[in-house]
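Take a look at the structures below.
Two complexes are shown next, each including chain A; its partner changes from chain B in the first to chain C in the second.
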Partner chain A sequence: MLSYNFKYELKQLLRARWIQLLSVVLLVLFGFSAFNGIQKVEKRKLDIAAAQEEVKENDAMMLKLLDSVERGLEVSVPRWTIPSSPMAVGNYHPRVAAMEPQPMAFIATGQADLFTHYVKPTVYGDDFSLNFTEMTSPVQLLFGSFDLAFVVVFLLPLLIIAFSYNVLSSEKESGSLRLLAAQPIGIQNWVLQKLGLRFFWLAVLVIIALTLVFLVLGINPFTQARVYFGLLGLVLTYMLFWFALAFLVNLWVGSSAKNAVALLGLWVVFVLLVPSVLNQFGNTLYPMPSRTLMINEMRSLKAEVTERQDEILDNYLRDHPEFALNDTTQQRGFWHRYMASQKLIKEELSPVVNGYEEQLQRQQDWIGRFKWISPAIIAQESLNQIAGTATKDYEGFRKQVVNFSGTWREHFMPFLYNNQDFSQADYDALPRFTYQKETALQFGGLGILLVVSLVLFATGIFGYKKLSGAGILDQA
Partner chain B sequence: MIAKTFLKETKELLREGRVRIAVIIVLMLLGVAVWISTRHYQNVNAQYAMAKTAERVIWDNQGEKNPHSAAHYGTYAFKPKYPLALLDQGVDKFAGTSIFLEAHNRNEAQFSAAADQTALARFGDLTPDFILLFILPLLIILLGYNSFTKEREMGTLTLLQSQGISSWKLLLGKWTAVFLPIFLITTALFLIAGLLLGNLKDFGVFNWSSLVMMYLVYIGYYIIFINIVLLISSKTKKSGISLVISLCVWIIACLAAPKAASNIAENKHPYPSRQEFAANILKDKKQGLDGHNPWSKEAKLLEQKVLQEYGVDSLHQLPFNFDGYRMQKSEEHEAEVYLKHYNYLKDQYTQQAKVYRGLAAISPYLPTRFLSMAIANTDYATHWDFADAAEDYRVATQKFLNDNFAMNSQYGDWAYQADASFWKELPAFEYDPPELKETLKSNGSNLMVMGVWLLGSFGLLLFTTKNI
Partner chain C sequence: MIITDNLTKKYGEHTALDHLNLNVNAGEIYCLLGANGAGKTTTINLLLGFIEPTSGSAFINQLNVKDDAKATKRFLAYIPENLMLYPGLTAVENLDYFSGIAGKKFGNNQLKTFLEEAGLQADAFGNRISTFSKGMRQKVGIAIALAKEAKVLLLDEPTSGLDPKASNEFGLLLQQLRSKGVATLMATHDLFRAKEVGSHIGIMKDGQLKQQFVAEDISLSELEQAYLNTMDYKELAS
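Moving on, here comes the complex of A and B:
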């Protein structure tokens, strides 16, 4: 029976031009979205490269200036930007702390349009003044991006619904159900086989279309085989979930139109409502402390610290007796006082700053606990993770940059408090930043999806007879 | 005949379980959304009021200080929320809420809510605008997809024709039956919102005319959707097909087109990255006067010019402190540089807006979204307006401080300190959003696009349903 079904189903799909139509639609959607993603990634790469290039040029200039200063020549730049002063290097020659895109970054924009991909921390200012948001028009952020993740999470389920809402009901409506009832096969097995075959063909088309699009756009999926197969696995499992829903609806609901309405209702619930409701709950349960009030707090603290600058410097030097030993001049100026106060401000404000990260973490955990309610969330999160554009990735980047900015500051402290000039010889020892992706690829979400889908299928197969007491023909 | 068709359709809708369930769900969602938004709104406004007064206290109590130190110390401008944000949050979540106003630098608005949320926030929020823009059109589809197809499927169309009903009467009856529930829901929502806003305290200036205008925009949006859904229903043979096609239209209009538009707009007219933007500004700033650098070429030129103007031969003989004067001149130069670069950004956005308008041809959602945000004062234009007002205030503040420095001290006297009471003389930052009239004027093209959609969809519907 399976082989008959297979043969006729394929013939039917070809004659109804479903296969042809789906191929074209998939190619267009995948192509357009992947193209968009690649453009974004290209821009990101170019921006970072340009920034690195600029630093290189600036460094060459700095070394030239240092050379002149060391040879006792007059230089024609403002006094406070002469790089023999360590604070000038720390402020006017910052390093680029960049977050290079992951190989699959183009599949999901995630948070990439919201956050910037490189910053240049200086010794002046504090970690608050590091602005990690990107300059994007908020309209664009509101509408989001037409990326591969959007096609997979939002559109693919709709294609599946259109493809499978009337598998059983159309037989009822055209009267061929009676013929089927005469065949030696249970109705749920028959629907299962039919949907299974449709899943098979759609899966084949999706795999071919994706691979083709990747190849045409110049990405060799097999250099990243593990990630690529992970991606395919995720997409197929997500599809399986929607087919499982279609299976249940086909068995239990009724006429074609009713099926379509029921499936669409489910789509709205899973893709639109559950995510926004969960997000709302997360925000209400773990509200972010007010940023505006944080500004007030920070300002009062700074005002207070500025008044006690001298005292703070004294305390600082007492804690660091090595500076008093190494330096014979004991000159103390603006920067000595400033850096010591900044250190204090940073320490005192760190509970406030950590408050934000902790609250974000709590929201994240809350979502993690309930994300299985909606497969759309699992799929979107996993795609973001594969792309390296998830909330966690940007959080990691922020932390690494803040650490680096600390290292950068600390690097100049001995120079400053020893009143020692920065020289050409010190150039090579300047700290450098390399971004490290912290989150390993996890396909845990995939497992949850698979289990949910299988449970749904099992419910259909074993629960059908018990629930519908009457025979299928009575309903027809 | 129109009334009879209308009555029959309404009865059918009322008797159908899924319509009842759907309407109840939509009403429940709306209730929750309004409740959440009201809470959120009150919260934000309370914080705003608190932050604003606290910041002013900090500014007023700086004590004796050099005015230029105070300029570096700076102050903050906070963005308030406006009443209709209760209905449409617009881009508020993605735009910063506070701007640091200091000497020499124009800062971007910082701390957008979205940056402090998880990626889930990108799916959207359960707010009234989400339901108004996405869910109600879905309800329209549910109410109307089988308006005509069911008559075909049950064979009652022939019966109807034998009754001698003209097709436009049939159409009008069915149209009204779909329109009425949507009309009632929307009207109720806006009435409740109006009453809420009228009664809540500290809700800023709320006027009914904006609310009514917004209401009309949404009614127009729904009429367009009803026309489209009925047109599809009258042209297809099966209910299932009609539903699937209507749904495709919804997806394209509400989900795909805006996203595609945002991608195309960005590709064609990109914004510079934040760091690039800052670097460009720095480059231009270096070309001109730097208030902190009296040795630069530009500073020397200014010196000569001023000496000549006053007919004296040393800066000490000037009737004001030249340091303060130079600071002010450099501030003016820097303000110009910022103006140039921000105008470039605005130009880019104007170009992007054209792309959005172009794609409005396939999506009535786009003009509605823009109009609704604009009327609610939660759109990008209002954000720009606020940022510009803050910048004007910053420039004025710098002049206020530099003038004090220049007029009350001698050249070279950096130890000068202004009185502790001086800071109170700085007027507070006040910002009023654009009035409804201005908003509508600047959104003329969106209104026009909506008008074309309305007329076009009506015309097409009447024209094609002449003989069903």
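Moving on, here comes the complex of A and C:
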């Protein structure tokens, strides 16, 4: 039966205009969304490149100024910006801490439209650590980005529904089911095979579309085999889940109209409702601490610390005898006090900042615990992970930047407390930031989807007769 | 070949079929006559396993339909009133598909031979079913029966809506199948066709088999009288 079903279902599909149209729509959607994703990645790369170019120009200017200063020439810039002062370098010549897009970033915008991709930590102020978000259009946030992930997670199920909602009901409605049911075949197997062919057809289209996207982008699927096959596996497994649902609906629901409504209802539940309910519950159970309160707390702490700067500096120097002054002609100024107080501020603020991070982690754990309820969450998370735009990636970037800012600050401490000038010779030793992607590709979500899909298929195959309890016309 | 033993189907309080006992042997054509709702189609649906009996049993080729529904379908062919084939496929493709899923594999020439035997014009073999008349579709149905080498043929008002020529051709095809030893059960309203092709005739009313005849033993007018009397159409009976 299998070979005949495949042969003639394929013939009918190829002869049906609406299938041809749906196939073209699918290819166009993949192409357009990939193009859209690439545009975003390109913009991100250009932004980072522009920031780095600015730093390069700034550095050239700094080296010229240093050269003039070292040769004893007078320079026409404000005194506090002369780069022989280490704090001027730390403040006015920061490095770019950029999160370069991953090779697959075009697949999913993920958190990319919410977070900034580069910052310039300075020795003064720490607002950058709180200011990782970008201004984004609320309309865009509402509808999301039209990227490959959007096509896969939101639109592909709709195409699958259009492909599969009436496999059995159309036979009932046209009258051909009676002739089919008079053949020595199991109707559930017959439906399964028909859906199998439609899955096969869509899978071929998806594989062609994704491979074309890779080739057009100059990515060799075989050098990126893990990502390429992982992505294909994920998309095909997600499709399999929707076909499994269509299988059950075809068996148990009645007319084509009812099937369509049932499947669209399931789409709303799994793609829209469950993710938003889980998110809502996460926010209610683990509310994020107020950002305003955190900033207020930070400011009042800074004000308090400012009043005690002399005492703090004394304590700091007690802990760092290597910075003790033997030269009585020199004295401690603003920067000495400020930098000494930073360590204290960091320590005092850590419970507030940690509380914020811990609560965010709890929210993510909560969603992680229940994400299997919605295949859309699993698919979206996995695609974000492949693209390197998942929440964890941005959290990793933020932590790396905070660490780098510490390194940047620490680099200038010996200069500052030893009252040593910054020179051209010190330029090459300036710390540089390189983003390291910390999250490894994991395809655990794919396994969950596969198991859920197989359970649904098994329910249809073994439960159909048991649950329907009678012949095909009794339950029709 | 076809046996029903006190076959009964109830829908709630309504009895659609009431203790039907029937026996159709190889090479016999049993015509079930009756008004709408008499239980003819219910009988065929039960023999096909489309619905489950409330009590009693049905047997095809000595296999219980309820226990071996799939196996019984290897031996039978079914032609409903409106035989709906796949409109996007040709006659040859439809025949290949339906015989194929029934486990019979044939080459293109063999398939065409079956269609020829069923009386379909050769120039229609490669045409899509969407262009076929009802009579032509019924011929493809007969070709499916031939290809399946069916021992039992179940027909549910197959000549309804056919023009006299097509109806006559269909009758001749049934006679051919009869000569090959096929047991046929045909539900019909058509007394004339029943008398012409049937070897046995039964009249049903309210789910019960009221009368049975050997077709040779009864004239068409006697059959008509018996039918009208059974149906309580007193004013029409002479």
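Keep this in mind: the second predicted complex is superposed on the first by the 450 of 476 C-alpha atoms of A that agree within 3 Å, B and C clash if a C-alpha of one lies under 4 Å from a C-alpha of the other, contacts with A are read in each partner's own complex, and residues count from 1 in each chain.
Keep this in mind: a contact is a pair of C-beta atoms (placed from the backbone, for glycine too) under 8 Å apart; a residue touches a chain by one contact, two chains touch by 3 or more.
Nothing here was measured: the structure is a model prediction, and the numbers come from that model.
Participant: Determine, under the contact definition given at the top, whether A:120 touches first (chain B), second (chain C), both, or neither.
Facilitator: The answer is first: A:120 touches chain B but not chain C.
Participant: Applying the touch criterion given at the start, work out whether A:8 contacts chain B, chain C, both or neither, answering first, second, both or neither.
Facilitator: Second partner only.
Participant: Identify the partner contact of A:226: answer first if only chain B is touched, second if only chain C is, both if each is, neither if none is.
Facilitator: neither
Participant: After the superposition on A, what does A:71 contact: first (chain B), second (chain C), both or neither?
Facilitator: After superposition on chain A, A:71 lies in contact with neither partner.
Participant: Does chain A have more residues touched by chain B or by chain C?
Facilitator: Residues of chain A touched, chain B against chain C: more for B.
Participant: Any idea which chain A residues touch chain B in the complex?
Facilitator: Chain A reaches chain B through residues 32, 36, 39-40, 43, 47, 50-51, 54, 78-79, 110-111, 114-120, 131-146, 150, 154-155, 158, 162, 165-166, 169, 255-261, 264-265, 268, 271-273, 275-280, 282-284, 288, 290-293, 295-296, 299-300, 303, 356, 360, 363-364, 367, 376-377, 380-381, 384, 390-391.
Participant: Under the touch definition given earlier, write down the residues of chain C that touch chain A in their complex.
Facilitator: 45, 48-52, 69-71, 73-74, 76-78, 80, 82-86, 88-89, 93, 96-98, 100-103, 141, 154
Participant: Can you tell me which positions in chain B touch chain A when the two form their complex?
Facilitator: It comes out as residues 18, 22, 29, 36, 47-48, 50-51, 54-55, 58, 62, 76, 78, 90-91, 93-98, 108, 110-126, 130, 134-135, 138, 142, 145-146, 238-240, 243-244, 247, 251, 255-256, 258-263, 265-267, 270-277, 279, 290, 293, 295-296, 345, 349, 352, 356, 380, 383.
Participant: What residues of chain A sit close enough to touch chain C in their complex?
Facilitator: Residues of chain A touching chain C: 1, 3-5, 8, 11-12, 15-16, 174-176, 178-186, 190, 470-474.
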